[in-house]
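You will see two complexes here that share chain A, one where it goes with chain B and one where it goes with chain C.
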Partner chain A sequence: MDGDDRMNDPTRRRVLAGVGAAGAASLVRPAFAQAPHALQFGLAMPLTGGQATYGQDQVRAAKWGIDSINQAGGVAGRKLEAIVLDTQADPQVGIQDVNRLVSVNKVPVFVTAWSEVVKAVAPIANDSKTVELSVGANAPGIAKLGEYVYTTYPLADVDVTAIARYSATKLGKKRAAVLYINNETGIGGANVYRRAFTRAGGKVVAFQAYDPHATDWTGQILKVRLASPDIIYIEGLVADTPQLIAQLRQLGLTQTVSSYSAIYNPNLIKQLGPAAEGVIATSLAPGPSDNPAVKAYLERWMKEVGRAPNGLPYTQYLHDAPYLIAAVFKEMLAKKMPLTGEGFRTEMLAIGTFHLPLTGKLVISPDHTVQKPVYLMQVQNGTWKQIAVVS
Partner chain B sequence: MEYVYALIMLMALYVILATSFDFVIGYGGLISIAHPVFYAIGAYTSALLALDFGLPIPLAIPAGAVVALLASVAVALPSLRISGDYLLIASIGFQLGLLEAIKNMAWTGGSGGLTNIPGVSAQSGGHGPYVVVTVLLAIGTVLLLRWITGSSYGRAISALRDDDMAFSALGRNGMMMKVGIFALGSGLAGLAGGLYAHYFRFLAPGQFGIMQSAALLTMVVVGGMRSIWGPVLGAVVLEALPQAITFLNLPPSLLGPLQGILFTGLVLVFMFARPQGLIGGGDVWRGRAVREVRDVARP
Partner chain C sequence: MFSPLILLQILWTSLATSSYLVLFTVAFALVLKVNRIFNFAQAATMTVAFYAAYTLVSRLGLPGWAGLLAALAAAVVLALPLELLGFRALRRRRASSIFVFIFTLIISELVAYIAMLVYGTWPATVFPSLFWPVRIVAGVAISEWDVPALGATVVAVSALFLFLRRTRIGQSMVAVADNPDLAEFYGIAKDRVYLVSMIVASLIAGLAMFLYGTRAQVEPTTALNLLLFAIAATIIGGIGNLGGAILTAVVLSLCENSSILFIPSAWQGFLLYAFLFVAIVFFPRGVRLPRRLRLSRSVPTPAFAPEEPREA
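For the complex of A and B:
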């Protein structure tokens, strides 16, 4: 068999080789077709585990944001694309995810949330000069995690201070009890509340921590009852705070309950029923009555998912994060800058002010904090009503 | 490359942890699941010495191992003196208590953990050599434990495990040997902790809890208890498998349950289908059965 014969002879090995090559080409082609054109960023959120209910809604919101940007022509003609990875809200898993985003996908920017994950991956962001955007975590320490860690979400100092002052000055409450979860979010927020309430002329008469895995809070609640507060502030998580409020009511505490943005959620009213009446929460994003785009966004949720999102304000921030990223990418492309984390950070700070569809004006400041109006919401007759806006 | 480095790093650390845990629980027969707390002691000691006292990393890491070793002796001495089973209770109590203390102390970073711990940075090109050193230490750990278990001292350990009364009747000090086994295993866990702290540069008490104990136990059971290479294989497979799954791009509705049942499912499968693990000493459960028969036969 000469060379030409060999070329024309369809032996099994040659057929298999051809099929293999074709298969490999079909696998590789999409990557080659998309990679040079799509502008990629990382999205590391909890998609499984205890926080998945919230993480999945936030990722859905971010994908809607990306779709809208791409439908409007993308970023200078290029598609925006998120590489979504599951952190399980676990720091170690988050570290692996971000290592992959930084070293395998080589993204210049990634979005993440949940305070412990944000904190755990900060050294990777700083070392690799990749911008970490914390979208939703509110532990006050996030502002000091390094030069490549920024937040688009106001930290606890903003809304917790606002609700503490409002309770002491406008509501006339003088004795507050603080119940807080013993983790990064809880300790940080509880300390901010105590400081702000005391400065506003009130007195914190009980300051009780509870274990993150607790399902019964009788001990802490009885101590709160003994202290006779006239308002109770809870710094917990979205998952445990409704149960804690239910137990407070079951044990006969009728005082006003207040909390931060984690409990501003339609599910709270569903879960608690009448026990939710009077609960005050903060929201750091405009509601449907403040912004028509938010109204349309909520209608889309009802139409496509059949319910309101879990943690509405958080999903608004996640929806808007791709718009911020797109704006920075657009400027970088216009200036023909290399798409590096270093360049992204420089350009993000140079732009400074972003006007985002669902959360409004956002100023990224060099001190790594964000200031926003605080919307105070209260459950009245089975629905959340806005009672004040604190600048 | 950083992703691969991190993966190799975790595999090497888990090789140290799983083999040292097997030395304690498999070879030594000392029932304790609190191995991660000594990992935590090594990690926190090393991190705090470097962070607050500026101790160079090559000195901070061994210091962490020594503190973990001393802490294990402090736990083992009173609990082993009463009875072997009390070690399980005492060590779990020590694990939960210490982690609770770490959560509530400001200087340990509290429940939010410590971040930006001094360490090697990827930018300075330090990760590659650091990973090589860790892999060498993992190999060194395996060879050290292989040497110990294969020596006459290793045979004495087996004798002690199988019948401590007969062992004591021969005039040997069984309790000191148990303390020694526990201390060496825990010291190696402390070494792994120090290596972890300066590479990943973040520590939180939640990383060293009961879930970590379950993960280590799974590595030992799946790989093969009381074998040198079993825990090595268990550590490598169980560290690589969850990462491999993420590359399948499965939907979250499938990924969540899959990751959830991975560890527990493997333990159940191996307990029933292959109790000796992938590379197990064949007498793992047989030894127990013989002991049980002997106990029943006793008046």
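For the complex of A and C:
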């Protein structure tokens, strides 16, 4: 292979990205998708790279949503179609994808996720007047990215505020200790908790950061023990929070431990066993016991894929995104509006309230935030049980 | 404010946590000392070892000892082609140190990428449960993981030093580390020594990753982060000084954990880099122990590291 050949040789990443995108495209393009009048929207998600396990499941969920809409007759007789591109959860790749969606495919709306990608492509959405729907990213700054950027997923402050208030007012906790990972997620969430808990009448008696690569938290835990809190809140990630809880228990702290949606998964109970008892977490989507459609959705996963989806609540939101888009398209067609991003935004805000199959009522508000009920879950007798729904 | 009991607890937990950190450091320092390779591919070895143990124990339900054997075997299985097909070929082509370093970096990234494709990015542990029961001894919480982990580390490090001092191949490794050309002149087969060194280091890294994976969650990129600690300890301890690296790993672990009693917790992660900065700027030859306290002789610095005078 000479130098020129080497220059023209596709890189592994490009090949994998191509394979991933082609695979995903084949998932979402049924036979009728070639019809000239299909209604198209963009779906820019990570199909390769470190976040692919989540991205692929979310794309599969969106495909199921599209299939259901089309099987029910489509949108005013026209088929709904997603153009799927692989972002690799990388902002630079996301920019390339979205440039293609707005300039080549000329879609009026596209769906994307992962906070860094959502932020990176926002200027393109605003400049091209194409609606960007963020579905799953939760950085609080997403609400301020511009007039064409909207989220269908509640931002970080919603569930953290809910659990802080609930702890202070309903559980009667007055002294909270906060342990948080020292990155954007942890610092932001910990500050939201401290504000909300204090406003609800409580006092934060310990506020301890830990390094994202930490494997031992003895120092922080002993400082928490000295502060004698009656509840502990952890703003960490799925990789470190279970270990931190295990070490809390090992060092003799028996107080109620609470956290946000990152730890709401069955693995926590497997990993901690009896030490998981009493842990409280949040969920931003209804579970199988709240909505029969979610139960059927989970059963479909088990039947067709053989497992539950990675990040169940996120896939629920992705499944429902095509329903929102279909509802807006339907109104635009009924009003004979041109299928532009401007028109889509206007009509989406005019409709305002959407009733979606797996995530329930969604109100798109002009301030670009979303308010949803927060489901508080607690480990009781080895399973997650819902203890409250906070509006 | 801080009782002796708190200090004792921190001391004990830091010591227990340092068990796998010491082993990561020893494995890294050994290859650097003998093979003169800044072996970032150790992260790949660690990743492969962990997922081998995870597959057998967590997925297939086999007992822990089977997982340990799988981790050790997988580490060696990766070490063989790495040395025989990779490093040996690069040595024959007289590849520069920086080129070899880049090669190891690529291997570590490649293995992390494959692990992501095969196992996904969800954190995993060797045993389904992360929780180890605790016993309180004189007011200090000692988990059932702590003592076996420390015991395994002491045994492994002692075995390594005995191996290096009492066996012919071990003495050959020390000789090659001191002066590879002179060692070859005296009839020592360098290639064989390099291979044995890689295998020994991989066994140590495999054991360390098994210990880590029984206590903490692992993702495909976890090993890369852990390796950073080993590199820092090796540099601070003095490149080529195995004993110094071990001691540094323990002291760093203790400093990191106890630092929170004296500085704001948000600064804790900064400490490792601060130590590294100070060591490189002010102690480029490492923080040296008095000669009588060293556990092994120092060796000439690898070609890519800052030059330092050889010791007589």
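Simple rule for what comes next: the second predicted complex is superposed on the first by the 290 of 391 C-alpha atoms of A that agree within 3 Å, B and C clash if a C-alpha of one lies under 4 Å from a C-alpha of the other, contacts with A are read in each partner's own complex, and residues count from 1 in each chain.
The definition used in the following text is that a residue touches a chain if its C-beta (ideal position, glycine included) is under 8 Å from a C-beta of that chain, and two chains touch if they have at least 3 such contacts.
Please read all numbers here as calculations on a predicted model, not as lab measurements.
Chemist: Which partner chains sit in contact with A:A275 here, chain B, chain C, both or neither? Use first/second/both/neither.
Modeler: second
Chemist: Tell me the contact category for A:V104 with respect to chain B and chain C: first, second, both or neither.
Modeler: first
Chemist: So, A:A52: does it touch chain B (first), chain C (second), both, or neither?
Modeler: After superposing on A, A:A52 lies in contact with both chain B and chain C.
Chemist: So in the superposed three-chain picture, is A:P212 touching just chain B, just chain C, both, or none of them (first/second/both/neither)?
Modeler: Both partners, chain B and chain C.
Chemist: Regarding the shared-chain residue A:P123, is it in contact with chain B (first), chain C (second), both, or neither?
Modeler: So A:P123 only meets chain B here.
Chemist: Could you look at A:P91 and tell me whether it touches chain B, chain C, both or neither (first, second, both, neither)?
Modeler: Touch status of A:P91: first partner only.
Chemist: Touching A:P266 in the superposition: chain B (first), chain C (second), both, neither?
Modeler: It touches nothing on chain B or chain C.
Chemist: Contacts for A:P357 in the overlay, against chain B (first) and chain C (second): which applies, first, second, both or neither?
Modeler: After superposition on chain A, A:P357 lies in contact with neither partner.
Chemist: Does chain B (first) or chain C (second) touch A:P288, or do both, or does neither?
Modeler: Touch partners of A:P288: none, neither chain B nor chain C.
Chemist: Quick check on the output: what are the common chain A residues between the chain B footprint and the chain C footprint?
Modeler: Dual-contact residues (chain A): 49, 52, 182, 212.
Chemist: Mind listing the chain C positions that touch chain A in their complex?
Modeler: Listed in rising order, the residues of chain C that touch chain A are 1-2, 6, 9-10, 13-14, 17, 116-117, 120-123, 125, 128-132, 134, 136, 141, 143, 212, 215-217, 219-222, 225, 228, 253, 256-261, 264-266, 268-269.
Chemist: For chain A, which residues are in contact with chain C within the complex?
Modeler: Residue positions touching the partner: 49-54, 182, 208-216, 218-220, 222-223, 226, 238-240, 242-243, 246, 249-252, 267, 270-275, 310.
Chemist: Where on chain A does chain B make contact in their complex?
Modeler: Against chain B, the touching part of chain A is residues 47-49, 52, 56, 85-86, 88, 90-92, 95-96, 99-100, 102-104, 115-116, 119-124, 126-129, 139, 141, 145-146, 182-184, 186-188, 212.
Chemist: For chain B, which residues count as touching chain A in their complex?
Modeler: 1-7, 10, 103-104, 110-113, 115-117, 119, 121-123, 200-202, 204, 206-207, 243, 246, 252, 255-256, 259-260
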